[in-house]
Every structure is written in C-alpha cells, then in structure tokens.
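Same chain, two partners: subunit A is paired with subunit B first, then with subunit C.
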Partner chain A sequence: MTNPLLKVRGLKIGATIYPPGEKSRDIEIVHGVDFDLAPGKVLGLIGESGAGKSTIGLASMAYGRGGVEITGGSVEVNGRDILHSGLRDVRRLRGAEVTYVSQSAAASFNPAKQIMEQVTEAAIFQNKFSRQDAEARAVELFRKLGLPDPENIGSRYPHQVSGGQLQRCMTALALCPQPDLVVFDEPTTALDVTTQIDVLAAIKEAIRDTGVAALYITHDLAVVAQVSDHIMVLQQGAMVEYGTTDQIINAPKEDYTKALVSVRSITHEEKQPTATPVLQVEGITARYAGTNFDVLKDITVDLHPGQTLAVVGESGSGKSTLARVITGLLPPSAGQITFDGRTLTPDLATRPLEDLRELQMIYQMADTAMNPRQTVGTIIGRPLEFYFGLKGAEKQKRIQELLDEIELGDGFQDRYPAELSGGQKQRVCIARALAAKPKLIICDEVTSALDPLVADGILKLLLNLQKIEDVAYLFITHDLATVRAIADSIAVMYQGNVVRYGPKSEVLSPPFDDYTDLLLSSVPEMKLGWLEEVLEHRKMESAGN
Partner chain B sequence: MHPILTLVAQRLALGFLLLFAASILIFVGTAILPGDVAQSILGQSATPEALANLRAELGVDQPAITRYFSWLGGVLQGDLGTALTNGRDIAESLSSRLGNTLFLAFWAALIAVPLAITLGLLAVRYKDRWPDKLISAITLTTISIPEFMIGYLLIFFLSIQLPLLIGGMEFLPDGLRSWLLSNLRFSSVALMNDSMTLIEKIKSITLPIMVLTLVVLAHMMRMTRAAILNVMQSAYIETAELKGLGMLKIIRKHAFPNAIAPIVNVVMLNLAYLVVGVVVVEVVFAYPGMGQYLVDHVSKRDVPVVQACGLIFAAVYIGLNLIADIVSILANPRLRHPK
Partner chain C sequence: MRIPLAALIGLFFTGLFFAMAIFAPLIAPYGMAEVVGDVWEPPSDQFLLGTDSIGRDLLSRIIYGGQTTIFIATAATALSFIIGSVLGFFAAVSGGWVDQSISRFVDLIMSIPTLIFALVVLSVMPTTITILIVLMGLLDSTRVYRLARAVAVDITVMDYVEAARLRGEKIGWIIFRETLPNALSPLVAEIGLRFIFAVLFVSTLSFLGLGVQPPQADWGGIVKENKEGINYGISAALYPAYAIAVLCISINLVADWVLNRTTSLKGGRG
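Moving on, here comes the complex of A and B:
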C-alpha cells in the first residue's frame, strides 16, 4: 500500500463512566488499533456492540461521541495527523474530506429543514461547490441512489419520506461534498430486509461510481461481506483478525471470527401439532382508534402447547398489533381468541387474574421493560407475590431457582438493571415472565436489539426452557434466521394479512408466494457476491415477466 | 382542510371557551367577596333605608344570575359598565390605563425577550464555562430579589447617586457634565400624559422597563438554555458537527428552530406577566397603569371595575397563551408539511 488515505496507529480511546452508586472512573474502550485504508477501498469494521467499531469510525473524523476521548495513538488522513491539529483544521476535514452516514437517518436529519438544504450544507459550507452545483450534484446522487422523483425529493422534509429513502438521502448527504472517505455506521441495520438489500446495492454502486473510500461498520458479517475489500474483526476494543473479505468469510483463523461466521447454527426439530391448541386466533380484524383502515385483516392462526409459532413480517405488517390484540391491549373489531379452551374477553381490564397469569410477555427493549430503580430480585419477585402470594424465604428460594434457570449465577438478586449487559437484562425479563408459570409467552422481537452471539444464547435458553416448562411461544420477529432457529409453525404477515401460514418445513420450502420469496431471498447470506446474484436473479425474473 | 387550520380553529374555540369560564370565575369570585359597596360608599352611620336605596340604585340587589348575564351582555357589546364609586364609564377610564400598561409591557418585552434569548444561546455556546455561569448567576440574582427592592435600588443608584457622581466629576469639561446630567436622568416617577412625546415617555419609564426586564430575564433565559441543550442531544446535531459547522452556527441553524415551541411558551408566559403582574412596579414608580387602577378599586369594593380588570387580564393571558400554542403548532414541520 503506497500512500494510504487513512493511517491509524496505536489508536487508544477512553471514556468516563458513571456506574450507579460508585465514583466515576475512566476506562479504555479501544486498546491500540492499527490499520491502513488505501484510496477507493472499503474496509469493513465488524464486531458486537461495545467492540468499539463506531468509536474507531468517528475517530477518523477526530470526533468522540458523548464523553468519549481519544487518548493515544495517531490518525492520519491524507498524510495529516488530525488528532494533533487544532479544532479549526479538524472542522475543515469534517464534511469535506471525511463524511459520516449514521445508523438512524431518521434521527440524523434535522426535522425542521428540507432535505436538499441538509444534503448540500457541508458541500457549500466547506466551499467545495457553489449552491447551484451542490444542488445539481445532490439531484444526480438522488438519481444514482434510486430515489423516486430525484428532481423534487430534496424539497421534502425528512418525515415526508420513508426510512429506506431517508437512509439513501443520508448517503447522498455524505457523498455530496465529494469526500475522500465515508464512514458508514450500520447504515442498513435499522431497515427491513427487503429495504436493506436495495439500500445496500445503492450504497455499493455509489461507492464504486464515485471511487470514494469507505469504512463500513456493522455487526452483520453477511452484510459487510457484500461491500468490503478487507474486513477487520474487533472484540472489546481490540483487533481480533484482519484480512481480505474472502479470507475472513471462507477461512477465518481466530475462534472468535469462526463463531461470528457460523452464528445462528441452532437447529431445531419441528414438533407435530397436538390435538388441542393452547391459543386459537379466529378471524381477528383490528384497527387503532381514530384511523380508518384495518391494521389486521381476518387473522386466523393456532398455537399448540409447548410449541412456537413465529409471526414474521416487516415493520408495519401488523405483527406487534396482533400481540396487542391477544394480550387485550387493543380490543379487536371482529373475531375471537380462545386460550386454553376459554374465550378471552377482548379487553384486558375484564380478564380474570388466571388469564393474565397464564399469558405473559417479553419485549424487545429489556431496558425499558424494567424499573431501573428495582433490583433484579424485586423485579422477578413481583409476579411471585402478585400471582402466588409468595413471601419471605419461600419467595427468595423461588427467585433463586428462576435465576438458575436463566443461567445467571449467584449475586444477581441485588443488582440493578443498569449493572447488567443487554443479554442479561433480557434473561431477567424471561425469568419475570416464567415466574408467573404461564402457558403462553409472547416474545416481541426479543433478540432484535442483541448482538448475534448473545441473541443465539437467548434463543437456546428459550428453547431449553420450552422443554422444561412446556410453555408455548408466540414469537414475533422480522429476522428469518431466528425463525428458522426456533419455530414449529410460521405465519408470514404482510400489510395486515397472513400471506403464508403452516408448519415450518412447509412455509420455508418452495413453491413460494411472491412476498415470501422476496422476504426469503432478501436475507443476506454469508458469501461473496450474494448481493449481485440476488439482484441479477431478480432482474432476470422481472425481464421474464 | 389543512390540518393546521383545523388545529388553529380548535385552539381559538378553546380560547373563547376558557375566556367564558374565566368570566364566570371572575364573577363568582367577586360575588363572594365580603363587604358591601353601599356600606363602603355611605359609611358606617348610614341608615338601613339609605343602604337599601343605594343598593337598588346600583343594581346589586338583583339575583346573581341576572347580574351575571346583564354584565356579560354588556361586555359583549363593549360596555364594561360604570364604576360604582365615581359613576364614570369603566371602558373609558380603563382604555388609557390599559394603553399605559401595554406601552410599558411592550418596551420591556422589546428589550427583555431578545436579550434573554441571546443570553440563553450564549449560555449554551459556553456551557459550563464562565460566561454560562456568569449569565446564570446574574439573572438568577435579579429574579431572586423582590421587584420592589430592585425598583428602589435602581432609584437609589440611578436617580439619586448617579447625578451626584457625575456632578462630582470635576475633571470633566462643564459642557460634557451638564450634557451627561441632562441625558442620564432616570426619573424615579414614571409620569405619563398625552402631551409628552414618545421619547419623553420612554425616558420617563426607563427605570420600570429595567426592573421588569431584570425580573423576567432569568426565566426566559434559563428555559431557552434548557430547551436548546435538550435539542443539542439530538443525533442531527452530531450530523451538523460532523459537517464541520461551528458551534454558534449549529445552535442558530439546527438547534434553535427545533426549540422554538418551548421558548415561545415561556416567552408568552412572561409577556403575560408583564401585562398582568406589574402592580408592584406601577406602585413603586407611581405609574398610571391597570394594576394601580385595579388595586385602588379593590380596596373600594368597586366590583364592576374589578370584574372588568379581571376579564381584561384573563383575556390577555389566554390570548398570549393561545398565540404560544399556535406558534408551537406552526413551528412543527410535521404539522406544517403533512405527508
């Protein structure tokens, strides 16, 4: 590599943390990382949350998010050491030579300004282009990124375009000033798979056409394999492995990389339906108050005791609404729900305690599902008191049993949620649901906010607990890999309808309906050239039609 | 219909409803006031017959409901009734008083609002550094001192000590000294009459303007600071930083437009205070405004005047808050530009 565009040596990054009830202290989150990036190349930074990949990405703009500070090492962009230049020089670099695409374009666009103004702002401010040229360039980028109505989309406000479109606008924002390097920070993570594939293709093409170099940060190895030339695997702020994309995917050397490549290796034998389902949803139609369209249209599904029904679909398909109807939070306008042989009343308020107990829920955000001021023991103990009236030593014993079941050791009882990792929090939520000895647990995207390896652990735990407790799961997810891992039967939802429903083996085997085909083929596969294959295949199909 | 129009129409309707409710409250409140206007006019030695006659003459012997509706009917036609104590038309005496109050409030607001918002922006720009702390310290000190105290302090230093100080500066040329003396005069009495020019009027109320500014500054400044700091946590501020924009530009261009709603709310609250809450300042500077007029007539049990003043204060309060609401609605891009 002759003149690297970005040269990072011994990069150390620290932060100040404020643990509850303790003195604040400084910790190091990146422990000396080295890498080079040649002009026009793409380097994938991969790792789980907390691996320091975003922090490293932002360090290439000499930026520390929140209380994060670069404590050592050097970062050179175009031969200039940016860590030791003044703020004025750094500001000239940001938005001109290096630009940034964030995970959530929805939050990263100013809601009060038109898209065009924000996309061209850096280019104009940094004197790269005149307003007129910058706007012409933006329109060209909008067109290249496949945005509808590229001439006029800039005059819209961020809330007036969809999430996938806004993510492309963010890419246009980053490319508009003609930078040398773009930092893509999980640019497709928040998108649905069918949207992700298009945005991914648009980003890849834009990178190729403009010849810009990129740092592509993601936790999804299958995604990064599609766009990058090299991959660096990070774990807890240190480099684990660095190599070409081909080598990392096909011949990983380190154990950690191997685990990342082979993640989602759970195999689950599908169980046969029993005689009587524990949950029967019949002809459910529902809409939210004040709206005039049905979010759920005539939904009928069954769930058998001790089995898992996966409800899969994209955001807005109505899968979480189905959970709200079953739990009684949203009374349906038609249809009925039979649970364990009894007809459930539509409204939560009128349900007997027994129904409440036997139907529990686990949520996507374990953080917000727990009272931050209660200890784990109190959180798990509450349903024991509420449903079974347990007190004192008896309650303590049961709490400890539950903690053992979710594989958390001693000493967790007195901890607060803030002292737990993401996976541990979700485990506590599982224990809280189990404490009620339910017949059915509704799991709403319970692994979506977790890293793949942690998510794997949660899924294994859930499968294990299903065997022991004989509890049924209604598993809501957008992630098809999770579905494969855990489901006995599957309902595919699209725009409020169940478009495909049946045992797992049937639903996941051809012939597919159009939507299920689109959904299944959009899930990134961990092999090189997958993206091109799929796009080629789709092009041929649409040409054939 | 555009959703904004619907929302604004809703707010307006609500405002009128509130005003109507306020009129009932004011009426009930004044009706249950202890004391008897006839007694206070005629004195303790009045005979029961004389009292009864006067009550009938004033109409206070009618049932409350009848009195309320005849009062409300009059108000709707712009007739606020006549003062019981001096028989003058209330609307007439009120209009010049209200004019004075609004005049003072206008000039105080003209200085206080931009000053408070600018200080708030500066406090954010230099957050946790000395300019921020200094701004907070000064404004919090002035809000903590009672208004009348600030008034007297200003009178003491600016009306009394300053001329003495200038007079004592013998090293200055006489011409400059007399120019300073005549131009740096802060009147301790805020006179106000129709023959004064605008400049004279403003000069006359310089001290009350200062007092009011000092009183309302802190609240608006702190809210501006808090609202903008809140917005500064947003991801789009990071986007702006990563574009290389400077801090002041980020605050002005990206943070402020998203903080307008809370800022306008607190500004309007303070504007309302400038109109409704100036009684103390008016008394200190003997300013012929609404507050003094109200206080005078409360002590005389002159119920129609109290009601009229109450209603006007309520209207100002509701009106300004209505404006704040509407501005907040207009400031929301989601409502202004629906999908």
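Moving on, here comes the complex of A and C:
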C-alpha cells in the first residue's frame, strides 16, 4: 500500500467556552479521531452541526478557528508532522500542499480585487508557478469547471458573477497551486439545488482530472455519496462509522448511520380537496416599495382545511413574499385573499383580531423568532393571554398542555431560548403558533436551518399536530424531499410565477414542464452514481432537442 | 459572582459620592454658606481642606456642592433618557414619516453646538435649577434618541417583533416588552456616560457663571470662585476638580462592568 497523503492519529481538539456569568472552561470538541487518506482519494466527513467536521477539516491544515486548540494527536501530510512544525513550515504547507474551499464564497472573496488576482495569489506566492503560468492554469481550471467565458471571467470582480459561479471560482482558487489535498467545507450547502448540481459535477470532474485528494465536509449524505470514495460519519466529535461509500449507503452498520441514510422516509397519504378552501389566493400581484418590478405575478392558489400546500422554488422566486402578502405585511397591488369565507383586508393594521388569531406563522430561524429575554412560558403564554384572556393557573395548565403536545414536557417553562437546542427552539415556535388555535399556519422554511434528523422530527410533529388540531399548513420550502414528505398539493414558483400547481400526485408525475423537471432532477438522491445518471439524462435531452 | 477590581473601585467611589450627596447636612462640618475663617486658609485640623475665597469651609462647600451637582446631573440624565429612549423606540417601531420627522428635528437640534445653545437659552431665561435640569435633559435627549433609535432599528427587524405585530400587539407592547429589554444593555452603559457628560456640562455652565448661582455651592462654581487662588499657589480650586474627575472615572468603571455583564443572551441574568 502506498503511504497515505494525510495521516491523522488520535486527533483531539479543545475549545474554551465562556458561559455568561461563569468562569470560562475548556471542553473537548473532538475526542481522538483516526483516519488515513491516500493520494487522489476523496473522503467524505459527515455529521450534524457540532459534530466537529469543519474543525477536523481545518486541523488537517494545522489551523484552529478562534478559541479552538489542537490538544493532542498527530496530523501528518506527506509524512511530515504538521502540528509540531514551526509557523514557517505551516505557511509553506497552506496554499501549496493543502488548500481550502469554504461554504460561503461570497464572504471569502475580497470584493475589491479581481477574481484572477485572488485565484492565482497562492500559486504565485508559494513560487509554484510564474504569474503567466498561474494565469494560464487558472483559465484552464475555469474551463474545466464549466465557467462561462473562461478567458475573461478572471478580470471580473466577485460581485459580477453569480453565487454558483463564485463557488466554482473558489474551487479553481483551491486547485490552482496544484495542491495534494483540498478541504471542501460544505461547498454547495448555501446554493440552490439547481445550482448545487452543476457545482457538484464541476468539483467532481476537477478532482478526477487533477488527481488531487480531498476531504469533503457536508451534512448531506446524498451529496457526499456522489463525490467520495470513503465516508466517515461523525457524531459529537467522535467517529461513529467509517467505510467505503458503497458500504455506508447500502449497508450501514451503526444505528446512527442507518438513521441518516433513511432520513426523509416519512410517507404521507395525499388528502382529497374539500368543498370550500380555507385560504383562497386570487390573482395576487405584489411589488416592494421603491422597486419597479413585480415580485409576485398573478398568483392564484387554494388551500383546503387540514391540508398542506407546499410552495416550492429557488431563492428569489417569491415564496416568502407570498407569505408576507397573506399575513398582511406587504399589501398587494392587485388581487384578493379569502380566508375562511371572509375577504382579508390587504393591510395588517386593519385586520380584525379574529383573522390575526386564525392565521399564524412559524419562521425559518427559531433563534430570531423568539425574544431572547422572554422565557418559554412567556413566549407561549402571551397568545393565550392576548387572544383568550387566560390568566394564572389556567394559563399555566394550557402552557403545559402545549409543551406536552410538542413533546417537550416539564421544566421548560422557565428556560430562556438560549438554553434550548435548535430543534427545541423550533418546537417552542410551533407551540406559540398552536396556542392561538389557528386555522392556518404559514411555515416559512421551518426545517431548512436544522440538521436532517432534527428536521425529520419536526416534520413528523407537524403532521401529527395537523391530525389532532385539523390545521392547514402553507409550507414554504426549497427542499423537494420535504415536500414529498408532507404536502397534499404543491405550487412550484419560478421568478414570481406559479409554473405548476395541483395535487401532489399530479405535480410530481410526468409530463413535466422544463423548470419542474430541472428542479426535481436536481435533488440529490441517496444512491451511488446518481449524479452521473442525471447528467447523462440531461445530455441526452439536450442532444435530442 | 465575582466583581472585578476596577468595578469595585468604581462602585466604592460612586457609592461614597452619592452617600455624601444624600447625607450632606449630616456630614458637612460647617454650613454651606457659613463664613468660618480667613480667606484661603491652608488645610488644618479645623478645616480639613482649608477655606475658600471668602473664608467658608471648603470641605463643607464641596460636600454641599456635590449634592447640587449630582442632583442636577441625575435629574437631567433621567429626563434625557425618558424623552430620548421613548421617542427613539417610537420612531424605530413606527418607521416611515414619523421616524423621518422626529429624526430630522433631532438632527436640527444636534447641528447647534450644545454649549452655545445652552448659553443662549440661559442668557434669556432665569437661571434656576429647574430650568437647568430641563435644558440639559432636552439637549442630552437628542444623543439618547440617536442611540435608542439605532439599537431599536436593529431589534425591530427581528422575527420576534414581526411575530408580535402579526399577533396584533399594540405599539406599547412592542416598545416595552419586545424592544426595550433587548436594548437595555447598551442603554444602561449609555446612562453612565450621559451622567458623566451631565456632570461636566453643569460644571462648565457654573464655571462660566451661567449655571448654579452663588451662594449655592456646586463643583464647577467652587472652581470658579477659587480659580484666582491658583496664581498664589493655593490649591483650593483643585479639590472640586478632583471630585469631578474621580466621580466621572468611577462611574465609567461601573458602566463598563454593567455592559459586560448584561451582554449575554441569557435574559441578561448571567
């Protein structure tokens, strides 16, 4: 066997935390991780947030983020121990032998410099290439990564290319100095699915063509399955399972891995529409003040009581704006909304309390949706007090009932949001919405900020509550897997238009319009070779046209 | 809970000064305007800090002066905070033309130098303590308004404020229950700073002869009364100046500590 390129043994990483009001203390966030990476191979690191994926990735370039310290173990690159070598050696390593691709390319590029200058900087600084050679190499990489106009794109500034293109530029940046190892830290997480697939394909091809080894960090098992040779599953800083991609996907051994593989396996029977919809949106057109284009164009959808309408689309398609119009935060320029047989006034301020009560909302970021200075009891108790005038023991009892309903139980009433986990926070937000006994809850990307297993729990809870409370959901999401799991009807939005709308079974079965086809085929599937299949399929289609 | 040394020092002196202000008649060895000795006597057992330009006991003057200065500064700070933060939050939560008109009016006031504005007003109005307090409170409230509005604008875009609006909450709830608790820590720190500026401002006015009128004592006034003494090597004017400096520094130390303590997301309890 050849010598491994990257050899990690007993890696321990610690951090100092500063709990408010208490003395700072040291905690261990990675508890002794071992792995090898052979030249030219790709290892996927997968786990939930807080699993230590990124920390391990950065440790392979001998770097610890602010407050993080590598406390034990060894990391060898090309046979050299990089943790105990001096800063001068580490500097020669970074940007030459090991390079890094971060999640947010937009935040990583210097907006004041041209792309070419930044892409070639490390290669020139490390004396790997002359300026001329480095630029020629960069153009070659731009071409390989499928960027438009590869000869000239380097002279643009970061804001002049799209998010997906910038992410590919960053991959070019990482590959330009001809490194032995690239650390990809969630390179496609911030992108729309339709963009993600292109970037993913470009990264995969570039890895294959340049023969570089890679650490691919992500929380999405379906994505990592497309690019890696081996996968390491991490949970809370410890390794759970390590194996070939094939074994992890098709024959996982550990329970935790099994759960990750089978995530989103919720099945939901589609309900038949009833006679009278609870919400009728008719011909809504809306624009933001001070702009000259319509964000929503003549939207018409219905939602039936106790059912779920999923509104799907990429960022910028107008999904959230539709929610703002329905809630009355943005009065529409045309059209009308009927809710429970009554016509809703366009402006929030003029709506009767009854309308406000029956139409509740849950947000994407549970962190900012709860006042950090109010306890869970106050947060859930306020709608009870406000709409129903409940007080004292009666209110306490109802709060506890609601907490039981969202499966949190005793001892949560006096906690502050900062003392809850991400999933618990979202549950409290659900309880706050339920407290008003609404007929309709608008769920705006409620699971997108959560880890897959936690998101699964939230979706199951929502479905359960729908059965008990008979509440309708308007479910806004960009994630088609979520849609499959919970929707009764679907509206696909694209650039402010509803391009496809109907019951789930119809929307998700052919014949598709172009956009829905693109969207559906871009959702990563948990199987090997999915990426190739899709690309092959698209090639054939475009050849056929 | 451990209080850092700097904050302890700050707390000690702040407490000392406020206690002296409150119990001035009990502590002061002589009356405020009582002539008890020669002009500018040096410190002695009888007069701990010596006497002033017309033979009054300097220590007693400083203790009574502290009472006046601290009272005016406290009242002016309180007034500026009530006006400034309520208007600031109101502007931020309302937005639109309400925000625009209040903000532009405040800009207008702020474009005139505070001291000049005060001098003009005081030269036409009678110089009573009430007028001093109201004037200083109003002038300072523009600064508080700026801060309160800036902080509140950041808070009102949060989802929990939107959630409260969607619930149908009135503007009072949004200001006092959703916005204020989250704006408290920068505001508390600002209280300290504004108080210091109020002390300095009232001292400046008195030093210029437009603030507290003799025979009533206040620190700026005592400096003014005794400033000629410096030419003869008499340090009487320096003691009230020290008092101003020590008070300002110690309040700053306390404000720093409070700011540190409250900027956690744990409901400010940490």
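Here, the second predicted complex is superposed on the first by the 541 of 545 C-alpha atoms of A that agree within 3 Å, B and C clash if a C-alpha of one lies under 4 Å from a C-alpha of the other, contacts with A are read in each partner's own complex, and residues count from 1 in each chain.
Going forward, a contact is a pair of C-beta atoms (placed from the backbone, for glycine too) under 8 Å apart; a residue touches a chain by one contact, two chains touch by 3 or more.
A quick note: this is a predicted structure, and the numbers were derived from the prediction, not measured.
Trainee: Judging by the criteria at the top, classify the pair subunit B and subunit C on subunit A as clash or fit.
Mentor: Superposition check on subunit A shows subunit B and subunit C fit without a clash.
Trainee: Scan A:353 for contacts with subunit B and subunit C and give back first, second, both or neither.
Mentor: A:353: touches subunit C, not subunit B.
Trainee: Once the two structures are overlaid on A, work out the angle subunit B-subunit A-subunit C from the Cα centres, in steps of 10 degrees.
Mentor: One gets 30 degrees for this angle.
Trainee: Check whether A:373 is in contact with subunit B, with subunit C, with both or with neither, and answer first, second, both or neither.
Mentor: Only subunit C; A:373 stays clear of subunit B.
Trainee: In the overlaid three-chain picture, which partner chain does A:329 touch, first (subunit B) or second (subunit C), both, or neither?
Mentor: The answer is second: A:329 touches subunit C but not subunit B.
Trainee: Which partner does A:211 contact after superposing on A: first (subunit B), second (subunit C), both, neither?
Mentor: Neither partner.
Trainee: Please work out whether A:61 is in contact with subunit B alone, subunit C alone, both, or neither, and reply first, second, both or neither.
Mentor: First partner only.
Trainee: Just subunit B (first), just subunit C (second), both, or neither: which does A:419 touch?
Mentor: In the superposed model, A:419 contacts subunit C only, not subunit B.
Trainee: With the two structures placed on a shared chain A, what shortest C-alpha distance in Å links subunit B and subunit C?
Mentor: Scanning every C-alpha pair, the shortest subunit B to subunit C distance is 6 Å.
Trainee: Would you mind listing the overlap between the subunit B footprint and the subunit C footprint on subunit A?
Mentor: Overlap of subunit B and subunit C footprints on subunit A: empty.
Trainee: Applying the document's contact rule, which stretches of subunit C touch subunit A when the two form their complex?
Mentor: 1, 158-160, 162-163, 165-169, 177-178, 181-182, 261, 264-270
Trainee: Tell me, which parts of subunit B touch subunit A in their complex?
Mentor: Subunit B residues touching subunit A: 234-236, 238-246, 254, 257-258, 331, 333-334, 337, 339.
Trainee: Which residues of subunit A touch subunit C in their complex?
Mentor: 19-22, 327-329, 348, 351, 353, 356-357, 359-361, 363, 365, 368-375, 382-383, 386, 416-419, 432, 436
Trainee: Give the list of subunit A residues in touch with subunit B in this complex.
Mentor: Residue list for subunit A touching subunit B: 61, 63, 65, 90-96, 99-100, 102, 104, 107-113, 118, 121-122, 125-126, 156-157, 159-160, 173.
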